[in-house]
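Below, chain A partners chain B and then partners chain C, in two separate complexes.
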Partner chain A sequence: MQRSASRTAPYLFLSPFVLSFLIFGAYPIIRSMILSLYITSGPEAQHFVGLGNYRYLLQDPDFWTAFRNTATFAVGSVVLQLPLSLGLAILLNRHDIRGRNVFRFIFFSPNLMGLVFSALLFMLILAPKFGLLNAGLHALFGLPLTTRWLSTPALVMPALILVALWLYTGFNMVYFLAALQGVDTELYEAATIDGAGRWAQFWHVTLPGIKPVLIFVVVLSTIGSFQLFELAFLLLGNSSGPDQAGLTIVMYLYQNGFLGGDLGYAAAIGWTLAGMVLILAIVQLRLTGAGREER
Partner chain B sequence: MFRRWLDDLPLGLAPLLIAAMGLVAGLYLLLHPVQRGEADLSMWVFGPLHADAYKMAAEDFSVRTDHTIDVQLINYNAVNQKLRSALWAAVNIPDLVEIEKSAAGGFFRGPLAKVGFLDLKPYLVRDHILDRVPANSLATYTERGAIFGLPHDIHPVMLAYRADIVDPYLARRGLRMEDLATWGDYFRELRGLCTAGQRYLLQIEHGDAWAFQIFLMQRGGGIFGPGGRLRMDDDTAVQTMTWMIPLVAESGDNQVAESLGNWDPSFYRGLIEGFYIAVLCPDWRTSQLEAFAGDLHGKMRLVPLPAATPGGLRTSQMGGTMLGIARSARNPELAWQFARQIYYGSPQQHGQLFRTTNIITPDRQAWNDPAYHEPRPYWCNQVLGEQFIALADAVPPFYSSGFLPTAQAKLNEAIVACYGRYRSHGVEGFEAYVRQRLTSAADYVRRQMAREPDWDAEE
Partner chain C sequence: MRRTIVYGVLVLFSILCLVPMVWLAVSAFKANADFHAYAFMPPPDRLTVANFSSLFKQMPFLRFMMNSFFVAGVTVMVQLFFSSLGGFALAKYAFAGKKVIMGVMLATMMIPGPVLLAPMYELIYHLRLIDSHLGLIVPGMVNVFGMFLFRQSMQSVPDEMLQAARIDGCNEFQIFWHVVIPVSRPIIGAFCLIAFMGTWNSFLWPQIILQSSDRFTLPIGLNQMVGVYEADYGAMMAGTLLAVLPVVVLFFLLQKEFIAGLTKGAVKG
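Let's look at the complex of A and B:
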């Protein structure tokens, strides 16, 4: 009796998690996979199309527009954001910077305002003729005041990347700051004695020291960028912008599922996005050798 | 002992406190469950002014019928999502709900028997209301023969212009704004007021489909026609685009239209500073101008839209709201009685709404209320109500569809492409290019429509 109780005890302890995972995790995943095989009008009206949604998706120019926009945003954000975050972190990790805690807070603070506030703020900053950015560019370089950052297709993505930079550079800086504080200072002393310059120290001591965090931030930023929705949606006035220049994959999913009512096609988009992000994460981990190190 | 026990906690005191707070909150909610509204009917509204008016009407209704109505104000974007979720999950569906015109078509997709709204045609026929509203205003909410929504408004479009700038200029030439009967007259006679980078004759956004839709409907076209037929690439659409794009895409002094945004502060600032001297203005936009461009008090006037061709239509349509009764309504007859009261009730009630929103009701019987015949100082003492009422029957119909958002997005792409093409190549081969872009945009929408199964046959 006691033996059987001790045998069932672990399962009893595990059951709350397993049950909630099955209900709130596994079931929606399986349901959405099944749903992606149907054309739907809401959840009640369904028409089986097999892999038809996926076949249509691959030929859907809007999906590829969304993919191109999202990839541009991801590359632009990661390439600009991470060096900036790392640079700020290195700067604010130095003990000879006065008021560095204040600066750390200032750079992190955009994260404390919500996305809605940030979007509204930048709608005003980026406004033509009266916006702060145009006024600044006009005063500095004589550029026209009427530049339409949010209604000129070619400028929509740079504008989004700019806002994302303002929002997330400070956030990633915090990760790098934490990582930098974990690098053994004796290594710098040894490198100095060996005659290593600043660049050599950065390349051979700092970067290897923060590599796990760097990989983590790169993967996280890429995944986050591929999930871009709210910022673009709010900034472009609940739309995908002129010429769909701000259409992202998640926005396209939202439009089809929640505005159009075709949950099946939206599920197919969601699964395709999940596959893309998975492949991208694996490639990034392989390229950086993260998996090998763990083994 | 407690101290030792605390020390033994692996994560310290904080998680314990959070868990305790969660437990207390959970117990409180268990013992004090949120009471569902006790009202006989519930209603969702997205317009704050509408909500205020309906709350007063609900009190009056309650006194007369002894039935209560819970009117809830919900954000414009949220109401669509919340309603969709409620209908999909069949949980917490309001008995009555107001939604915006462009979102309406999305709710009419799928098998007719599963559309979340009640067909109101039998009620409209029974109570002889069909004759009281302009037929065009019902077109938007008619799907496969069923009328799923009552039109709250008509929204004729007029031209609002800076009278302080335009009228003296025209007077010097012996003209009045009312003399400019066509868009051709308008741009020709006012050309002298246009200065590149400083002042333009009309506010039109370069890559936005809404101005295009206004011009398209004015010329008798539309994105969709009756029965959900897509017509965004017909001759009318091609002509409209070929005419409209050069207004914003010409270079230098030949560019006569420009925009600094449609709804944001820059738009109002541009108008106040005279960056553009006229805007396309449905009735609801007049109250926004009064509120956000107060500096222009006594400097603005309204005239019917100049026609596309001599004798052509002098108005168009922009925006709109419908009231639907949910198929699952607890008491459909009672919901209809309340809907009837607020939409086709007393003229005074409509008059009061007009005074605060400048929106004219489609109910002809209310048009005699004094509110529609009062001069408005903001608009140089013009009688706003009479101006819009005079155009009400001419307002072209707007046909909705579940594919409207897709079609609008594709139209938007085509407009941007045509703008770019005109900027780079000018008028040479422009019409052929417009036709090709619109056809390709329409083909995309048709492909999507072709995927849609025949829901009613499947049922």
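Let's look at the complex of A and C:
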């Protein structure tokens, strides 16, 4: 009797997941594919257009603006965040540094603010005249107090990248610290005996040692950056900023689906985004040879 | 000498990390007129609590906070129960279809959330859950990441313990509840913190389905304030400060478990 109980038990225990996956995972995925073949207005009226949404999307200048902005944000964030968080992790991994836990906590602490409330805070930090950023730049470099970060098209994306940098650098650092602690210290000793300097040790011991985590963080940051919405929406509002400088792919999806009521086009934008994210992940994994190494 | 440089760099970045948060705390007590006069800190005697009273007067701030607590509390509890139960099944039983379920879980984590927004809205609309807290809670009942987390940590519970409980006459659920859950406290703490932060900060989905202001959660309510009371910076910062506090408190309560949970995951990983 106990035998049969332990045979059915795992299925019972997993049934909430299976049920919720079927209703809120599998069904929406399929429905989303179907929906992307329709032009809709609101959740009720629908008109079949086949691949029309995708064809339209490829020539939609606004979509490409959104794509360019999102890609700029992703490249900017990853290129700035990763070396910085890796550098900080390496410094904090030195054994002769006191107060390592305090520094770790401080670097991680912006994460406690969370994305949404950070955006509300930075709305004032980025403001002209009384904003903290301008005041700081003025005090340090004598730059004008009137820089309008969020209404100057060329400055919108750098401003968003800056907020993301403040928010996520410490988070990535935690991953790198965990990875660094897994690197075999004997390798460093061997490298020192062989006469390898700090740079040589970094290239030949540290980097290969943390490679899996490095790839993981790069891929995840890129995928996350491509889903940028909250920062842009909260800091710039529905209008997505001057000259659409803050229009991101998810924001464009939101505008079409939930302000414009065309859920079909929104679904098509969603699948295009999913395709891009997938291609990016595959390219990054290929470039870094992650798949080859395991064989 | 080298060490001095290292400390210099670490201290510099600490300052850059902390300054925005200190500015938030100061600004919450800064009179609106003083925002222009003092970039960072006004003289201490000019600090005021007026922002907080204006915050409570201008909008149902307490209401927003209770809504956020309700939605986050229920979501975390439900997710905790289902994720730990599922994680236990995956960690401790061999059964047909296990690989399929793990594969599906991985695939679910790969699909970007925004892909599902349109059909999910449609679904919630047909279930008549638009503008309800249930519409926020129901789609997120199972946390796949949490299930992986629990599976990871529960694998280290010795089989002998489960076997002993079976001999003592426990059924499979009792084993989960009385044997496995008590020894999983660190990972439960870590999970609660992660899940709470996720729900507390959730913006896009509530923004889509909530309509009446008395149902708004904090992120939606505060953002609404930006448009309507544009010049009341002080109240905005007071609201943001209060909105962030619960996460900070929870972090300090669960800090030990959080770190223990993370290192456990890292060691096993």
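By our rule, the second predicted complex is superposed on the first by the 272 of 295 C-alpha atoms of A that agree within 3 Å, B and C clash if a C-alpha of one lies under 4 Å from a C-alpha of the other, contacts with A are read in each partner's own complex, and residues count from 1 in each chain.
To be clear about the criterion, contacts are C-beta pairs under 8 Å (C-beta built on N, C-alpha and C of every residue); 3 or more make two chains touch, one makes a residue touch a chain.
Here the structure is a predicted model, which means the values were calculated and not measured.
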item: Three-chain arrangement built on chain A, chain B and chain C clash or fit; value: clash
item: Partner chain(s) touched by A:244 [first = chain B, second = chain C, both, neither]; value: first
item: Touched partner set for A:260, first chain B, second chain C, both or neither; value: first
item: Partner chain in contact with A:166 - chain B first, chain C second, else both or neither; value: second
item: Partner chain(s) touched by A:94 [first = chain B, second = chain C, both, neither]; value: second
item: First, second, both or neither for A:128, with chain B first and chain C second; value: first
item: Partner chain in contact with A:41 - chain B first, chain C second, else both or neither; value: first
item: Chain A residues touched by each partner, larger count belonging to chain B or chain C; value: C
item: Touched partner set for A:61, first chain B, second chain C, both or neither; value: first
item: Touching partner for A:24 - first (chain B), second (chain C), both, neither; value: second
item: Which of chain B and chain C A:153 touches, first, second, both or neither; value: first
item: Stretch of chain B, among 9-17, 117-125, 207-215 or 387-395, that runs into chain C once the two complexes are superposed; value: 9-17
item: Residues of chain A contacting chain B in one complex and chain C in the other; value: 43, 123-124, 129-130, 237, 258
item: Interfacial residue positions of chain C with respect to chain A in the complex; value: 3, 6-7, 9-10, 13-14, 16-21, 23-24, 27, 35-36, 39-40, 82, 85-86, 88-90, 93, 95, 98, 101, 104-105, 108, 110-123, 125-126, 138-139, 141-142, 144, 147, 166, 171-173, 176, 197, 200-201, 203-204, 207-208, 219, 222-223, 226-227, 233, 236-237, 240, 243-244, 247-248, 251, 262, 266
item: Of chain B, residues touching chain A in the complex; value: 77, 80-81, 84, 87-89, 103, 106, 109-111, 114, 197, 205-208, 258, 260-261, 263-266, 269-270, 275, 402-403, 405-406, 409, 412-413, 416-417, 444, 451-453, 455, 458
item: In the complex with chain B, residue positions of chain A that touch it; value: 39, 41-45, 47, 56, 61-62, 123-124, 127-131, 146, 148, 151-153, 237-240, 242-244, 255, 258-261
item: Parts of chain A lying in touch with chain C, wherever the complex brings them together; value: 2, 5-7, 9-11, 13-14, 16-18, 20-21, 23-25, 27-29, 31-32, 35, 43, 88, 91-92, 94, 96-97, 103, 106-107, 109-110, 112-118, 120-125, 129-130, 132, 135-136, 139, 166, 170, 174, 178, 182, 223, 226-227, 229-230, 233-234, 237, 249-250, 253-254, 257-258, 263-264, 266-267, 270-271, 273-274, 277-278
